[in-house]
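Attaching a single structure in structure tokens format; questions to follow.
Naming follows writing order (A, B, C, D and E), and every chain is counted from residue 1.
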Amino acid sequence: MSITEILFWFLTALALLSALMVVFSKNPVHSVLWLIAVFFAISGHYIILNAQFLAVVNLIVYAGAIMVLFLFVIMLMNLNAETEPQKNRWLWWAGTIAGGSLMLVIIAALKNTETQMAQIRRGDIGLIQNLGKVLFNDYVLPFEISSVLFLSAMVGAVVIGKKD
Amino acid sequence: MFAAFDNFPALLIWLPLIGGLISFFIKDERSVKAWAMLSSLLTLALFAVSLLYTDDKNYILNSVSYVWLPELGSSFSLLLDGMSRILCLLTAIAFPLIFASTYSNSYKKANAFYGLMLLTQCGLMGVFLSVDALVFYFFWELALIPAYFLASQWGGEKRVQAAFKFFIYTFAGSLFLLIGIIYVYLKTPEQSFSLVSFYNVQLSAPEQMWLFWMFFVAFAIKMPIFPFHTWQPDVYEQSPTAVTMVLSGIMVKMGLFAAIRWLLPIFPDAVKHYDNVVIGLAVVGMLYASCIALVQDDLKRLIAYSSIAHIGLMAASLFTINQLSMQGALIQMFNHGVNIIGLWIVVYLIEKQTGIRKISQLGGLAQKAPTLAILLVVIALANIALPLTNAFVGEFMMFAGLYKFSAWYAAAAGLSIILAAIYTLNMVKNVFYGNLNAITAGFKDIVLHERVVLVMIVVMIFIVGVYPEPMFNMIRSASELVIGKFIK
Amino acid sequence: MNAIILSAVWGVVMMYTGIVMKNKSSVKYVAILGVLLLIVANWLEFAGTSFFAIDTKGMLAFGTFGLLFNTVAFVSTLIFFLLSGSDFEQVGKNPADYFALIFFVLCGVAIVSSFQSLLLLFIGIEIISIPLYILAGADKRNLKSNEASLKYFLMGSFSTGLMLMGITLLYGGTGTFYLSGMNLGGVAMTPMVALGIVLMMISMAFKASAAPFHFWTPDVYDGSPTVFTSFMATVVKAAVFIGFIRLFEGGFGKMQTSWQLLAAIITATTLVIGNVTAVFQQSVKRMLAYSSIAQAGFMMLAIFALNNTGKQGLLLYTAAYSLATIGMFAVLIKMKDYTFDGFNGLAKHEPVLAVTSTIFLLSLAGIPLTAGFFSKYFMLVSAMKTGQMFWLVILGIICAAISVYYYFRVIQSMYFKDAEQAPSVEVSSGFKTMLVITAAIVIILGIKPGLLLNLMSI
Amino acid sequence: MTKLTYLIPLFPLIGFLVNGLGRRVLPKSFSGAFGSLTILASFILSILIFMEVRVEGFTAQQIRLFSFINTASLNIPFAFQIDQLSSLFLLIITGVGFLIHVYSTAYMKEEESDHYARYFAYLNLFVFSMLLLVLGANYVIMFIGWEGVGLCSYLLIGYWFKNGDYNNAAKKAFVMNRIGDLGFLLAVFWMIGQYGTTNFSDIFPRANDTAPAVLTGITLLLFVGATGKSAQIPLYTWLPDAMAGPTPVSALIHAATMVTAGIYMIARSNILYTLAPVTPSIVAIIGLATSILAATIAIQQNDIKKVLAYSTVSQLGLMFLGLGVGAYTGAVFHVMTHAFFKALLFLGAGSVIHAMHHEQDIRNMGGLKKHLPITHLTFLIGCIAIAGIPPFSGFFSKDEILMGAFAHSPVLYFIGTFSALLTAFYMFRLYAMTFLGTFRGTHEQEHHLHESPAAITIPLVILALLAVVAGFLGIPEVFAKDAHWLQHFLAPVFADSTARQEAHAISHSTEYALMGGTVLAILVIMFYALKKFGNYARSEEPVTGFAKLLSNKWYVDEIYEAVINKPLKGLSVFFNNVIERSAIDGIVNGTGKFIQYSSRQLRWLQSGQVGSYILIMVVATVVFFIIQIFGK
Amino acid sequence: MPINYYIFLAVALFSIGVMGVLTRRNAIIVFMCIELMLNAVNLLLVAFSKMHHATALAVDAKTMVGAEAQLFVFFIMVVAAAEVSVGLAIIVMMYRNIHSVDINFLNRLKH
């Protein structure tokens, strides 16, 4: 087993474990922290896949900005205590089973996919230079259009946040 | 579209339509009454004029086709042939009669009432005249909507529910019709809704079998034949009498007419296949409705069930597929319309004065209102098809045709003749004969305009009853055309 | 392209209008001007004049169908503004922002009606959704509005997740985001693509509020400020359907056989749940929410059939449905009480409102001579043309019959029941005129649907 | 002259219209006179036509007026047929009709003016319908008259419409007639199916080629019609009830003319009956049974008109016996004589009732001989005639029928004779109780007793004369050769039937013996009855045993009520309350309810919980995956 | 690395996210779980990107196939950021009104 593979399995295990912890943690703050762990693991995977740009952006945007925002809101609401009331057992089981069966079904459907290899540690499409070229040559339109998305999100946040 | 004022079918539709729309804007009750009367008389006059141009030479005056929805293969096509002529005649005659007989009645929101009535007339004319399936469906629904509003807005206590049931019931039925029409339309080689294309379309036997039911259910609900009839007594009971007249006199004929024009010739194989089912239902319905009529205490319900029995006979005879009963049914459609309107007028006159319709609470009216009594007896006798009244001709022919189909059906259906005599005479006896009571003691005989209307109905009863030849001439070719579809 | 850019720009203009103009009705007029410009710009593009020469790299394509739909959507929005524009002020303090958000939504609508790449579909849908989350919660003090907003947001994000999974699987299976690249036919159907299609169908069904993914609809439509419900339920839903049919026709048309059954199931469920549940509602607003689900069921027939008749019909359907629903909501806003009984006696007090809303309801019920009839007609024809699953058509008409029940309850209240007090607030004559015009359009489309449909063949 | 045939029914029709429309304005004297005169005009025309018809070699003529029902497959003209049979009936109808009109002008004097006019309008309408019936050249026109007379019967029975019982009687008459009419109609339809026409002249020549089963069916159905109209088992019960109408009506409609329509119809269709294998026997048996049944009931009746009514039923039964055994001429002969003497008896009864101020119970009469001499005499003549005592008319006609029966089967003869004996008994019982003995009514009634005016007595006298002499139109072969004028006259009508019948083979000696025996027996019975009831004294003892059975008319009405009316009513109520409300409407409303119920249940899915919404979405997604991937 | 591994991992993460959405009642956590789902998708997209790239490399050494998927991930992040800003605003607004972020309290609207 190469070092890459070891790393792969480690990151996989980390990601899955952290994800589960996100779900099962009683304390919201812990959930946030575990989620950040998931993001780190995923960024690790990106690096293995040689998608360096995304690995960085993932950390900056998700772990850095978004999760901080989450944490901030949780703190603001003083939700750090275990405020969540008793769960509905039925709903819990139903949710777990539903989610589990979703996974099983997808995996069952896709398990016979013809084995193709994802290129790892090589290939330069994930480099910032190449992505930038493609982004500003071919994907400039969606890029511009997503500004509308931000505009609306901005206006929206203002509308919601403004005092009446 | 309004360049259409140059031939009869279009005029027969536009005239009531415009008359109706104008009615909505006449606020004064007296004026709107007069206007509605005038409008309906104009329609009648127009129809009378059209009778002068019935020969083939004037075909162009009696048919019309405008481009409407070329992209769908539908055109606004109307045709005034024998079959539609007799029903347009009924429609044209009925409305002035209805207006005249209820002339003294005062309606809240009279402009809306008369406007809707005339719109109903427009819709009915459209149903009878259209020879394009989509146009036909349009008018089929359009006749229903104003009738729904009329039945809901004016009438008895439970009118809203009754009219609503009627509306949903018939609407549901007509949706099946729509599906059927679309299917046939898709099967026509030229993707057309025209009657000719429908008549020429080639349908396999299994297709015909289910399409038959699609069409039939819609028509059966409208007619209505057993067991699709339960909306009818409630609606007749609850609607204002003028509306009941329209519903029972003309609107139920839509179903029968549609069966002749849109069902029999299009699905001959299926008709042959299911004739026993339909006729069986109709005959059972006749006996069933007659039996129920025996124990009705409400005049309106009694007439409603009697109507179901009569319609049952017409429906049964249509499906026997022979000239005799087909022509009989066509004539009887007209006659039944006239007679039942007469009956409703009598009920209306009684209810107007006494405020009740309960047979058990009435009695002895013949002493107070001999004219009304005599006229009613004539109409009632016409209703039970006594010879020399109009209904005899039709019923005789229908029974003869039914007998040709099967003696047993005819014999069973014939029992309803006896039952009809029982309930009709019971009604006459309990309402008009016998002694007066507190309710009927103050009854007055009918006034001039009511008398004129009833006398006109009676005169029509006798004219058609004694000399039906002109009617036969009117419908002969139409029925031969339909029957011709079955002769391979 | 004209419409996308202009609507985005006008959204920004509206933002500034809110700051510059203190008079609230002039804000409305600016918005109306904007929509008018949009209509003109879109029409010019339809006629062949594009203001911007942008190479979209094949990610957008402005065909007749999409542009025509844009026209429908913009005209509906115009009528919406004219009828209910003044009611924005009732919702909150910053109507200009709401107008801005609506223009952003229109931008999303224009994208969804012309996308060729799943990326743009995704962005378009998000541009539509995010302002709607806000609009749903615009009435900030109102707990129902809050709740609607949060429910919409949570479920909307979840469905976004499903959609992204779908897109990913499709990409994994085909290696492209372009619709044209995916449309390979049944041969290329790997399980991955199949799952992708299912997920796309589910997420689009969610946005289109088709059952069993419709659950957000009644709650959100009910909780949102009524003006915005009107917009959400009409233009937005119509746009989603246009996106839906473009995606499935352009992307998966050749694999129709593989997903048709699912489409039929969704259609059937939607029809049944929408119509049946609407029967028991006590609030007209909520009834209209279920009615919009029911109507979605009919529109699903076009997706199921995926033929030209269906496309034509869908266009007509969106127009008929949007106009009637906008009209109906406009009347609803004027009512003091949103329950069925709240409509009692409307015919007596406000005959114009009663007559026009009757026409809208008749149209929604699909009665001939209204646009609703032909739209349903086209749906049925398109489904029948496929020659498969005839039961769906039968179910459709049964549900149409059921729908009469709840639409006519309103008519019954208006005409056949009495109320002592006027059931509605005072309405201006301009509003009435506008209602009459809208009703007239509904009827004209019901007599001559060709006026709209013939444009498609240009 | 036959060209003017249409005038014969037209006159009464005009009378009907004038009297009916002008009932408010016309004075009584005018409406009565006009009503009578129209019939007189028809009578005169009938005589003129008869003159033409009686000429040797006259063949039946069809007079086509216009086409009534005219389709490709069926053509029914409105046409009349003049032949020996119809012209004979024309005479009877218009002749007797005229007399009864005259009689009525006096009898109905007390009515108010508009009701008086109404009465004559109805009466004229009746004559019109009856004339249509006999003149019709096809079964449809005949049916028009057939139903028309039923209608007039209904109207006249219920003439005093304030009385509920009268109305019920009228209704019963109409409904029972309708039952028969249905049979008639079905026969007509069968003929249409078989021959494509209803014209007598087209059907009868083809009867020979018709399958016997078909003929049997048609004739039986026609006979059902006849049982309704002519009051035979099982549809006879309406006739006694029909006595609710004014007495002249009973005389005209329920004795002389309408009830003989059945006989006319069968006589008209004689060839069909002759060729049908089974029907004649059934006709004979039903006729005989009716005759005996009605006669037995008549013995115990105390209402003067009821006795006559049952007597009519009984005599009609005999006529059907005649038809059944092929003695068509005899049956028609008896129709004629019966028209005379039964009209006479009814009118006489009317005179009595008139004098007694609407008292009809013979137990309250007696001794009227001296108060009403003319009535008494004419009534006695009527009784003798009906009893069959030679040389009065009843003897000849009845004898002819009975001889026909004997030729067929002696059993029929003896039963028929028994019926004739019963006739003599109850008629003389009636006569004795009414006219002999002492008056048993109130003093007031006695005080007012007086002979009726001339308008009543003159018709009585004329009819009495006819009742005496009419028999000589048909003197049997045994008395004088070729003296049977009627047989000769009607021969062309029955020619085909006669040719197919086996010749009568009764020796003259047998015939004399039977005749003598019968007459002797009748005389004995007559004297017994006169003696027994000549001094009738009212006894308050209730009738018991067999007599009770008879006085309750064998409980037939009660049986009908229990077997037909009650179940029908029950069925109707069941249909109305259970099938209609619960089953059919229940299904319709149930569909609505079911949808509402489903709506209420489906609402629970909309729980308001985001979690459950998403859960359902996920489950649906899983299901969709399974369908998509593993479903194929 | 075989693509199946990535598929399984992503699907597992995705399903865990779904499970979280279904089982948790705290609106923020639910939202975080949705973010988790998005990340699973991102990971899978990148994996597919590299898979297709590898395939395309065999034909053309200079190919940029696969870049579009990574850009897609980029856009997803963009959208997610926008969504988070709006979503958290809504949650805060909600919290201001009812002082709770329990989604089970969201049941005024039902049936």
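The rule we apply is simple: a residue touches a chain if its C-beta (ideal position, glycine included) is under 8 Å from a C-beta of that chain, and two chains touch if they have at least 3 such contacts.
Remember, it's a predicted structure, so these values are computed and weren't measured experimentally.
S.K.: If you take the chains that touch subunit B and keep only those that also touch subunit E, what is left?
M.R.: Both subunit B and subunit E are touched by C, D, going by the contact rule given at the top.
S.K.: Among the chains, which one keeps its Cα centre farthest from the Cα centre of subunit A?
M.R.: Ranked by distance of C-alpha centres from subunit A, the top chain is D.
S.K.: Looking at C-alpha means, what's the farthest chain from subunit C?
M.R.: Greatest centre separation from subunit C goes to chain D.
S.K.: Two chains share more C-beta contact pairs than any other pair here; which two are they?
M.R.: Top-ranked chain pair by contact count is A-E.
S.K.: Using CA atoms only, can you tell me which chain is the most central one in this structure?
M.R.: It is chain B that sits nearest the middle.
S.K.: Taking each chain's centre as its mean C-alpha position, how far apart are subunit B and subunit D in Å?
M.R.: A distance of 37 Å separates the two centres.
S.K.: From the C-alpha centre of subunit D to that of subunit E, how far is it in Å?
M.R.: Their C-alpha centroids are separated by 97 Å.
S.K.: Just how far, in Å, is the C-alpha centre of subunit E from the one of subunit A?
M.R.: One centre to the other, that is 6 Å.
S.K.: Go ahead and note the Å separation of the Cα centroids belonging to subunit C and subunit E.
M.R.: Computed value for the inter-centroid distance: 27 Å.
S.K.: List, in ascending order, every residue of subunit E touching at least 2 other chains.
M.R.: 3, 7, 14, 17-18, 21-22, 25, 30-31, 48, 51, 55, 65, 68, 75, 79, 82-83, 86, 90-91, 93, 103, 106-110 - these are the residues of subunit E that touch more than one other chain.
S.K.: Do you know which subunit C residues sit against two or more other chains?
M.R.: Answer for subunit C, listing residues that touch two or more other chains: 119, 123, 126, 130, 133-134, 137, 140-141, 151, 154, 158, 191, 194-195, 218-219, 405.
S.K.: Could you list which residues of subunit A touch at least two other chains?
M.R.: 91, 94-95, 98-99, 102, 106, 109-110, 113, 138-139, 142, 146, 149, 152-153, 156, 160
S.K.: Name the touching chain pairs, would you?
M.R.: Once each pair is checked, the touching ones are A-C, A-D, A-E, B-C, B-D, C-D, C-E, D-E.
S.K.: Write out the stretch or stretches of subunit E touching subunit A in their complex.
M.R.: Interface residues on subunit E, with respect to subunit A: 1-9, 11-26, 28-29, 31-33, 35-36, 39, 42-43, 46-51, 53-55, 57, 64-68, 70-71, 73-75, 77-86, 88-93, 95, 101-102.
S.K.: Name, in rising order, each residue of subunit D that touches subunit E in their complex.
M.R.: Result: residues 603-604, 606-611, 614-615, 618 of subunit D touch subunit E.
S.K.: Under the touch definition given earlier, write down the residues of subunit C that touch subunit D in their complex.
M.R.: 151, 154-155, 158-159, 162, 191, 194-195, 197-199, 201-202, 206, 212-213, 215-216, 218-219, 258-259, 261-262, 265, 273, 276-280, 402, 405
S.K.: Give the list of subunit E residues in touch with subunit C in this complex.
M.R.: 3, 7, 10, 14, 17, 21, 27, 30-31, 34, 37-38, 40-41, 44-45, 48, 51-52, 55, 65, 68-69, 72, 75-76, 79, 82-83, 86-87, 90-91, 93-94, 97-98, 103, 106-110
S.K.: Can you list the subunit A residues touching subunit C in their complex?
M.R.: 106, 109-110, 112-113, 138-139, 141-142, 145-146, 148-149, 151-153, 155-156, 158-160, 162, 164
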